[in-house]
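Chain naming follows the written order as A, B, C and D, and within any one chain the residues start at number 1.
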Amino acid sequence: MKMLINVPETVVADALRGMAAAHPELTVDVENRVIVRKDAPVAGKVGLVSGGGSGHEPLHGGFVGPGMLSAACPGEVFTSPVPDQMVRAAAAVDSGAGVLFIVKNYTGDVLNFDMAAELAEDEGVQVAKVLVNDDVAVTDSLYTAGRRGTGATLFVEKIAGAAADEGQPLERVEAVARQVNENSRSFGVALSAVTTPAKGSPTFDLPQGELELGIGIHGEPGRERRPMMTAGEIAEAAVDAILADVTPRNPVLVLVNGMGATPLLELYGFNAEVQRVLGERGVPVARILVGNYVTSLDMAGASVTLCQVDEELLRLWDAPVSTPGLRWGM
Amino acid sequence: MRGVSVLDAAFFRRWMLATAASVDREAERLTALDSPIGDADHGGNLRRGFTAVRDALEKEPPATPGAVLTLAGRLLISKVGGASGPLYGTLLRRAGKTLGDAAEVDEQQLAEALRAGVDAVRQLGGAAPGDKTMIDALVPAVDALGSSFAAARSAAEEAAVATTPMQAHKGRASYLGERSIGHQDPGATSAALLIAALETAAAGTEADGE
Amino acid sequence: MKMLINVPETVVADALRGMAAAHPELTVDVENRVIVRKDAPVAGKVGLVSGGGSGHEPLHGGFVGPGMLSAACPGEVFTSPVPDQMVRAAAAVDSGAGVLFIVKNYTGDVLNFDMAAELAEDEGVQVAKVLVNDDVAVTDSLYTAGRRGTGATLFVEKIAGAAADEGQPLERVEAVARQVNENSRSFGVALSAVTTPAKGSPTFDLPQGELELGIGIHGEPGRERRPMMTAGEIAEAAVDAILADVTPRNPVLVLVNGMGATPLLELYGFNAEVQRVLGERGVPVARILVGNYVTSLDMAGASVTLCQVDEELLRLWDAPVSTPGLRWGM
Amino acid sequence: MRGVSVLDAAFFRRWMLATAASVDREAERLTALDSPIGDADHGGNLRRGFTAVRDALEKEPPATPGAVLTLAGRLLISKVGGASGPLYGTLLRRAGKTLGDAAEVDEQQLAEALRAGVDAVRQLGGAAPGDKTMIDALVPAVDALGSSFAAARSAAEEAAVATTPMQAHKGRASYLGERSIGHQDPGATSAALLIAALETAAAGTEADGE
């Protein structure tokens, strides 16, 4: 596989240099790998810090800005960042109102953020943590590392970000984030495998006529391999996998998310099928977001995330946001 | 059974350097093992970490066995990331702390320190033997340390291979359910490299490690 | 190649259904293939209509909204839309202040928009046209169809859109659009070929160790095939191809544009190299936009567009815009 | 030389239907030709257009030769898009207009009408013979129409093949510069299908076209 890179070793640093140039509205510390809102710390505001392996852009760095994250810590490609980054980010955004760590549920992210929380608290920062684990393809049991954090991360970061920007206190922001996660479910499919810069070849072999159902965002194979399906069949599989786990009572936010290499033309067509299936299943829809938001490098495929919202969560979702990756109302 | 040998800071440095060298050599294999059941970064992760360890040890070698391991553990935590960074970091840091500031330790103490480290890893990551993780190689290796480094090495290597038929219950591979069966665990494989490097270090020269 | 579609025949219609669902702020006429600002016609405002083959999303449909296009006409994949669509769009957005057609310079687009302009004028709509032709990879001579319209389309649509939203008259909006095009130059590279739904296999063969320099956005091969290059080398080739054609006196807007399948991580890294080269060549930079904006389905690769701006054009660039694909300030 | 035959509206309908049938059959080949030097849509474009033409002719067949061609041309313009839609649409529309509302025309009049159509295409698209476009097939075909449909067919087919060594100066293929050399032009190829369909239509049955 060919990549638009210099050498695999500098991919993350190069991207941060490029981000720094393109986004003067952010403070990008290339050396220490922390992306921070320029105006941080905002007096009286809870700081929101997230992070994870690189390769999921615009997540998380592209979601830093007013109305969303205060800071993000990008790790190596598909590798959780290290505690030092998170501690530094927490210190940079804490105004005294405390910091919320938004952590996708992967062993690496959990362990590193846990260590960072201890260290940050040693330095006098009040830290709360919320775990994002929305992927219904993984059974949450003793026999797995628990459900993965995928598309719901965007909902958690946006809605908790709005709550924080309103000046809500740490417990409230944490509770909102937790509620968004609990209300969210995702399911993803891959039409192609991922090629990481370090490996340089696809992480697994996915033949022409087949697809993977129940994939994550790190190039892992999914739960099941199937003969190729149409967009309509995939929409049914994804929505039904989610509805098998939860029956939405409230209207839902829908994220139809591309894994990176699926053209927007296809994503919109897929959205049409997702909406058809939601309609047939009687799920009321409040808002729809279509695009490449929580990606897996050059993977072709898509995921569907549903998040049930009450009026308060919907209000926070609609609140203004201004980040490189998500922007409205300002 | 064999005689008691004395392990000084130089031995521990050689151990870390030998590990760095073999991780370097085997990085691509570790990443390849991490592809079908993981995210293809294990080799790169450990190489980044042990390169930092090597650089630090070469710049300012700590004076005691405990300090060597504590430094190595701390560097793994702050350079690696992922699951393996905190886990290996904790293993070495806890082992180092357990050794205290003795200038020399014996094999018995090393085994006890590593056992404490492995316990800390089990506590941190929640994995038990049979979950298809580094724990599967570390536990039998530490048990065999009572006999000899060579025995520990074979135990770890065999245990790593023995993860192949297991279904993963921890880490990324667990997402695959039954599809994780039939692949050797990358972390168990790198754990075997760490244990094998003890033997290299005991051979006395740092040749392999520098 | 696998695609997230139902059948090739319905790709465009499916995508429009999906757009209609996701964007209640637009009027999407799926049957007649016209995407219109909900509030059109805006009294006293010049209407801005663009369009072209599908497969370049978010261009053009994703650029409809306040501050940018009034309407867009999506054709079949890589096929210019037909005059009927353009006439319908013109009628829908004309408030009496006239309509500007923004046309990428491809034989098909030019011919169809020309026919549409005649028909629309027959119906009493005052129509002006501006041709976008920014791609320096094509020599503009008797022996070619002229330079292609690529990345500069975004600059033209945004800046002319701002002028129109300010209530500037048709001649002014047209002059601004023309000026932006004249001030713009682009150059693109491909790391992979495109697979169109209809063909189902890559349009040309691009072996592992090679790339194409000077490509367009329709899966055509480029002017030259070369052994694979680093991001830094590609940035030099692209910037130098542009600077061989024009020496910017004013600061430039920079678009570092992905062709569709190149991850944002790589695009940002590429931007770092583009900025380095611009710095080394002494080109002052006013603004930078990085992302997948003018795409070519699932092609891996990127293009660089530079647009010289004076204070007035920069002011119009910075003006608020609210479309699915480009949004700031509102 | 041969006798003058009379061409009525039914003949022109058969011509369009035979074209639709052969475009349908050859669509993949036309798209394949449009891949290395174009954007891989020519077959789909013409199929979409001539399917619309066939549907319209079957629903409400126009009464005169001129009306058949005018209708076909208008439909190509409003259904095809791309470069070929306006160009083929103009070709047939102008030819149809030139035939006026005569109920029957002869081969001479057909040739003249097509010549007028080709001139309109040249004016619209600015291509001259040798530019590697549909013009390269249409011009010799119209010249040969004075002899026979068979002669026109061979002339068009040979001319289409003869575009292979040309460097394109118009349309998308021109972007490739010298790299356009060595590929047969898709539009010249489809033009040969259009001309060949005259012979099918003259064979008298609509079998091939319906």
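Quick note on the criterion: a residue touches a chain if its C-beta (ideal position, glycine included) is under 8 Å from a C-beta of that chain, and two chains touch if they have at least 3 such contacts.
Chains and their UniProt names: A, C = phosphoenolpyruvate--glycerone phosphotransferase.
Computed from a predicted structure; not experimentally measured.
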CA centroid of subunit A to CA centroid of subunit C, Å: 29
Centre distance in Å when subunit B and subunit D are each reduced to the mean of their C-alpha atoms: 74
Where subunit A and subunit D are represented by their mean Cα positions, the distance between them in whole Å: 53
Length of the line joining the C-alpha centres of subunit C and subunit D, rounded to whole Å: 32
Subunit A residues counted as touching two or more neighbouring chains: 77
Chain contact topology (line, ring, star, complete or other): line
Touching pairs among all chains present in the structure: A-B, A-C, C-D
In the complex, subunit B residues that touch subunit A: 31-32, 35-41, 43-45, 48, 77-87, 124-125, 167, 169-172, 174-177, 179
Complex contact set, residues of subunit C against subunit D: 53, 75-84, 106-108, 111-112, 115, 137-139, 142-145, 148, 194, 196, 198-199, 203-204, 216, 218-221, 223
For the subunit A and subunit C complex, residues of the former touching the latter: 2-7, 10-12, 14-19, 21-22, 54-55, 57-58, 62, 77, 191-192, 208-209, 211, 228, 230-232, 234, 256, 260-273, 275, 288-290, 292, 295, 297-298, 300-302, 322, 327-330
